[in-house]
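Two complexes come next, and they have one chain in common, chain A, joined by chain B in the first and chain C in the second.
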Partner chain A sequence: MSLLAIFEQALNGMIVSSFYALAALGLAIIFGVLRVVNFAHGEFYMLGGYAYFMALSALGLPPVLGLVVAAAALAIFGALVEWLLIRPVYDGRADRPEEYSIMITFALSILLLNLANSLFGPWPRRPEPLFRGRIEIGELIVSGDRLAAAGVAVILITALLLGLRYTWTGRAVRAVSQNREAAEIFGISVTRVGMLAFAVGAALAGLAGALMGPVFNVVPPMGVIPVIKAYVIVVLGGLGSIPGAIIGAIILGQVESFATILIPDPSRALAYKDAYGLVLLIAILLLRPQGLFGTQDRRA
Partner chain B sequence: MTTPQLEISGLIKRFGGLTALNSVDLSIGQGELVGLIGPNGSGKTTLLNIVSGYYPADGGTIRHSGTSVLGKAPHQLARQGIGRSFQITKLFKRLTVLENMLVAGLSDGTTSRAAATERAMGLLADLRLERLAHERAASLSGGQGKLLEFARVMMLEPEIILLDEPFGGVHPELKRFMHERIAAWNAAGVTIILISHDMGSIFELCARVVTLSYGDIICDGTPDETRNDPAVLDAYLGEQHG
Partner chain C sequence: MTPQRARTLALGVLLAGFAVLPLLLGDYWIYTLTIGFYYAILAASWALLVGYVGRISFAQAAMAGLGGYASALGVQHLGLPPVLGLGLAVLVSGALGLAIGWLTLRLHGAYLGLTTIAFAEILRITATAEYGLTEGSRGLQVAPLLTGGSRTEYYYLLLGVTAGCLVLMGLLLRSRLGLFFQSIREDEDGAASLGVNVTLWKMVAFAISSAFAGLAGGLYGHFVQLITPSMMSLQEMGIVLAMAVIGGFHNVLFAALGGVALQVLLEALRELGEWRLVAFGLVTLLVLRLMPNGIFGAAVATIAARMRRNGGDE
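For the complex of A and B:
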C-alpha cells in the first residue's frame, strides 16, 4: 500500500471519527451525569437531520443558521424529554429506576421513529451541505461537504471540552458525574445539571445528524447505525468518560477505514464496514469490560 | 428569647416497619458544638440525612434560624448555610484539589472567581493542603482526602456543619489537627454537630452530648452526665452491664 493510500485512509478515518465522536459524546454526557443509557439517541440524531432540513427548506435559512436551529431545537426537545420522562429515574418516583430508564428511552425511540415516518414519509431528503465541491490536498481529493462537516464537528467538540474544563457549569457537570451526592451538598442543583446534560447530549446528537444529513441523506431510520457505533465507542472508551468517547471514536474510525481496504473486493469490503465495530465491542467486553478510561466500580 | 439555630421537633422517620427516629426533639443554639452519639442503628446518620435534605421526614418539623428546612433539596440547604461531611469521603476524584473547592465556592452564582479562588487557597493553607492545590483529588491520601472534605465544607461559609464520623481511619496526629480546626471554626461562631464513635474526641471537643438509641434521645447533657448516665451505659453495654 502506498504512503498516499495510507494517508488517505487515515484522513477518511479521522473525518468519520469526528462525526462518531459528536454522537458518542452526547451519549457519554447523558450517561455520565444521569446514569441513563439513552436508547433514543439515534432518533435524536435523526430529528437533528430533519430540523436542519426543515430550517433550510421551509424557513429558507443558510446552512450555518440551519445548524444553529437544529442544535437549539434538539436542546429544547432534550430538556423537555428529561423533565417529562427521565426525571423519575432520580427523583424517587420510579421504583426500579434502571429498568424504567431502559424502557422509557426504548419506547421513546420507537415512538419518534414512527412519528418521523408518519410526518415526513420514508423518502430520503438531501439538504444543502455546508460546503459544496472538492478540496484537493496535493494528490488527495476530499469531498468538501464531508471535510466541512468534520471541521465543524471538531470545533464543537473542542468548545465542549473547553467549556467542561474551564467554566463553573462545566465543573458542576463533571462534579455531578463523579459524585452526585457530594455535588448536591456543595450547592449544585443536580436536577438542573441533569436537564442541562440531557439538553446538551440531545443537541450534540442533533448536530451530528444535521452534519451527516447532506452526506448520507435524511431518512427516519438514519440514526440506527450511527447510534450503534456511538454505543460501541462509549463502551470502548469507558461508559460516561468524555476523553474515552473521543479516543474510542478515533479508534473506531481508523479501524473501519483501514480494515475496509484489507479486503480486496471493494463491494464486499464496504458491506463488512459496520461489522468491525461490533467485533471491537465483543473484544473490549471480553478483555476490558470497563473500557479504556472506565473504572471497574462504574455501574453499567 | 433568641431563636435556636436548629430546632427539631417531633421528628419521625420510618423505613418500612422500622422506626428510625421516634418523635425526636432537639434544639441547638448558635455557636454550640454538640456531640451526637449512639450505638450503630440508633438513628444518628438518619437524623443528619434529614437535616441536610437527603431523606424526607415522615413527621415533625425542622427549623433553621426559624425557617423550615423540610422539603428543601440538599443544594438549597447547602446554600442556606447547612454544610455536611460524609462518613465515607466523597471527593470529585478527577478534579484537582482547587477545582473541588471551587465547585463548592462558586455554586451560589454570586461569588466572583477571583474571590472564590482566594478563599479556597486560604482554606487549603489553613488545612496544610495548599501545595496540593493543582493535584488531582484521586492522588490524595485518605487523611488528605478528609482534610479536603473539611475545607470544601467551609467554602460554603456555613452557619451549621454536620460532621459524620470525621475521625474514622485517621492517624492520631491528623486527628489532633482536625480537633484543632473543629474547635477553631466553632470558636469563630460556626455551629457544629459531630457524630463519632470516637468517645475521646466527643468528650474532648463537645460541651454537650446527645445520645440516641433506637430512634429516641435517651440523654442530653454534659460529657460527665453522659458518661454516668445509666441509660447510656445500657444502650452501649446492654442492660446487664453493671
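For the complex of A and C:
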C-alpha cells in the first residue's frame, strides 16, 4: 500500500471518527449522569436527520440554521423523554430500575423507528449539505460535504468539552457523574441536571444525524448501525467517560478504515465491515469491562 | 372456589378454547394463530430468562433464527428428517446459549444487553454474508415438517408443542431450579452466600431459554418453509419484547398469551399499515411505565382481589 493510500484511509478514518464521537459523547453524558444506557440513541440520531431535512425543505432555512433547529428539537424531545419515561429509574417508582431503563429505552427505539416509517415513509431523503465541492490537500482529494461536517463536529465537541470544564452547569454535570449524593448535598438539583444531561445527549445525537444525513441519506433505519458503533465506542473508552468516548471513536474509525482494505474479497469484506466493531465490543466486555478509561469499582 | 381450582379451570378453558378455534375460523386465521404460537414460545422463553432470572438478553430472535437455519441446513445437507432437524436446532441454540451464558457471567444489566445485541447482530450479519450456505437475504427454502400437511394439522401440532413447552417451563420453574433462578434475580450475592451455585444456574438459564427459542425458530422454518436473516434483526427482537412485556414478562404463560394476542391483532389491524406497529410501541411503553406485570398480570391480579373480597363477605 502506498503512503498516499495510507494517508487517505487515515483521513477517512478521522472524518468518520468525528461523527462517531459526537453520537458517542451523547451516550457517555447520559450514562455518566443517569447511569442509563440509552438504547434509543440511534433513533434520536435519525430524528435529528429528519429535523434537519424538514427545516431545509419545509421551512426553507439555510443548512447552518437547519443544524440549530435539529439540535433544539432533539434537546426538547430528550428533556420530555427524560421527564416522562426515565425519571422512574431514580426516584424509586420502578421496582427494578436498571431492567426498567433498558426495556423502556429499547421499546422507545422501536416506537420511534416505526413512527418515522409511518410519518416520513421508508424512502431515503437527501437534504442539502453544509458545503458542496471537493477539497484538495496536496494529492489527497476529499469531498467537501464530509470535511465540512467533520469540521463542524470537531468544533461542537470542543465547545462541549470547554462547557463541561469551565461553566457552572458543566461542573454540576461532572459533579453528579462523579458522586450523586455528594453533589446533592452541595445543593445541585440532581433532577434538573439529569434532565439537562438527557437533553444535551439527545441534541448531540440529533446533531450527528443532521451532519450525516446529507452524506449518507436520511431514512428511518439510518440510526441502527451508527448507534451500535457508538455502543462499541463508549464501552471501549469506559461507559460514562468523556475522554474515553473521544479516544474510542478515533480507535474505531481507524480500525474500520484499515480493516476493510486489508480483506481481499471485497463483497464479503463489506458485509462483515460492521461486525469488526461488535467483535471488539465483546472482547472488551469480556477482558476489560471497565473499558480503557472507566473506573474499576463499578460492577459491569 | 379456591384460587388453585380457579386457576386449573381457567387453564382448561383456555386450552379447550384454542382446541375449538380451528372449527370456527377460516384458513387465514388458522395460519395467523399458528404463527402466533411461534411467537408464544419465543416470548415465553425470553420471559423465562428476563422475568425469572433477571438476565436481560436481546439475542432471543437471533437464537430463533439460528435454530431455524440449523434445522433447515441439517435437513438439507445431513439428510436428517425434520423432527431430528428440530432436535439439532435445540442442541445448536442451546449450546450457543450456554456459551454466551458462560462468556457473560460477569456482566449485568446494560452491559449484558449490549453484549447480547453484539452477538445477535454478528449472527445476523453472518447469516446475510455467508450466502453460499444460507442464500443470504434472499432467504432459504426449508423442507416442510408435515409432507402435504394442512393448515389445521400444523395448527394442532404447534398448539401441542406450545402447550408442551409451557408445561415444561412451568414444571422447571416450580422445581428447586425455579427457586434458584428467582434467588439470582433478587440478590445474586445473597443467593451465592446461601450455597446456590450462581455460576452454573446462570449458564443453565441462558442455555434453556435459547434452546426453547431454537425450537421455536426451527418449527417456524419448517412451517413457513422460508427463512431470512431478517427474523434475527433487532426490530424482530423488539416485537418479541413488546409481546412479552404487554402480556406480562414475569409469567411465562402471560408472555405466551401476549405473543398470540399481539400476532392476531397485528393481522387484524393490517389496514392501519405501519401505524399498528406505532400503536404497539406506544402500548409497550405505557405498560412498562404503568403496569409492570403486563395486561394479563394486572387482569389476573384484579380478578383474584375481587374473588378474595367476595370470599370474605360470605
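The rule is short, and it goes like this: the second predicted complex is superposed on the first by the 294 of 300 C-alpha atoms of A that agree within 3 Å, B and C clash if a C-alpha of one lies under 4 Å from a C-alpha of the other, contacts with A are read in each partner's own complex, and residues count from 1 in each chain.
Note that a residue touches a chain if its C-beta (ideal position, glycine included) is under 8 Å from a C-beta of that chain, and two chains touch if they have at least 3 such contacts.
Please read these numbers as outputs of a predicted model, since none were measured by experiment.
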item	value
Combined model on chain A where chain B meets chain C, clash or fit	fit
Which of chain B and chain C A:183 touches, first, second, both or neither	first
First (chain B), second (chain C), both or neither touched by A:289	second
First (chain B), second (chain C), both or neither touched by A:18	neither
Which of chain B and chain C A:191 touches, first, second, both or neither	first
Partner chain(s) touched by A:9 [first = chain B, second = chain C, both, neither]	neither
Arrangement angle, chain B at one end, chain C at the other, chain A at the vertex (C-alpha, nearest 10°)	90
Which superposed partner A:257 touches (first chain B, second chain C, both, neither)	neither
Touching partner for A:271 - first (chain B), second (chain C), both, neither	second
Superposition-derived minimum Cα distance between chain C and chain B (Å)	17
Chain A to chain C touching residues, read off their complex	31, 36-37, 39, 84-85, 88, 94-96, 98-104, 106-115, 117-118, 224, 228, 231, 235, 239, 268, 271-272, 274-275, 278-279, 281-282, 285-286, 289, 299-300
Of all residues in chain B, those that touch chain A in their complex	52-54, 73-76, 78-79, 83-84, 86, 90-95, 99, 102-104, 106-108, 113, 152, 155-156
Footprint of chain B on chain A - complex, ascending	168, 171-172, 174-175, 178-179, 181-191
Parts of chain C lying in touch with chain A, wherever the complex brings them together	50, 54, 56, 58, 103-104, 106-111, 113-115, 117-119, 121-122, 125-126, 128-129, 234-235, 238-239, 241-242, 245, 273-275, 277-278, 281-282, 284-285, 288-289, 292
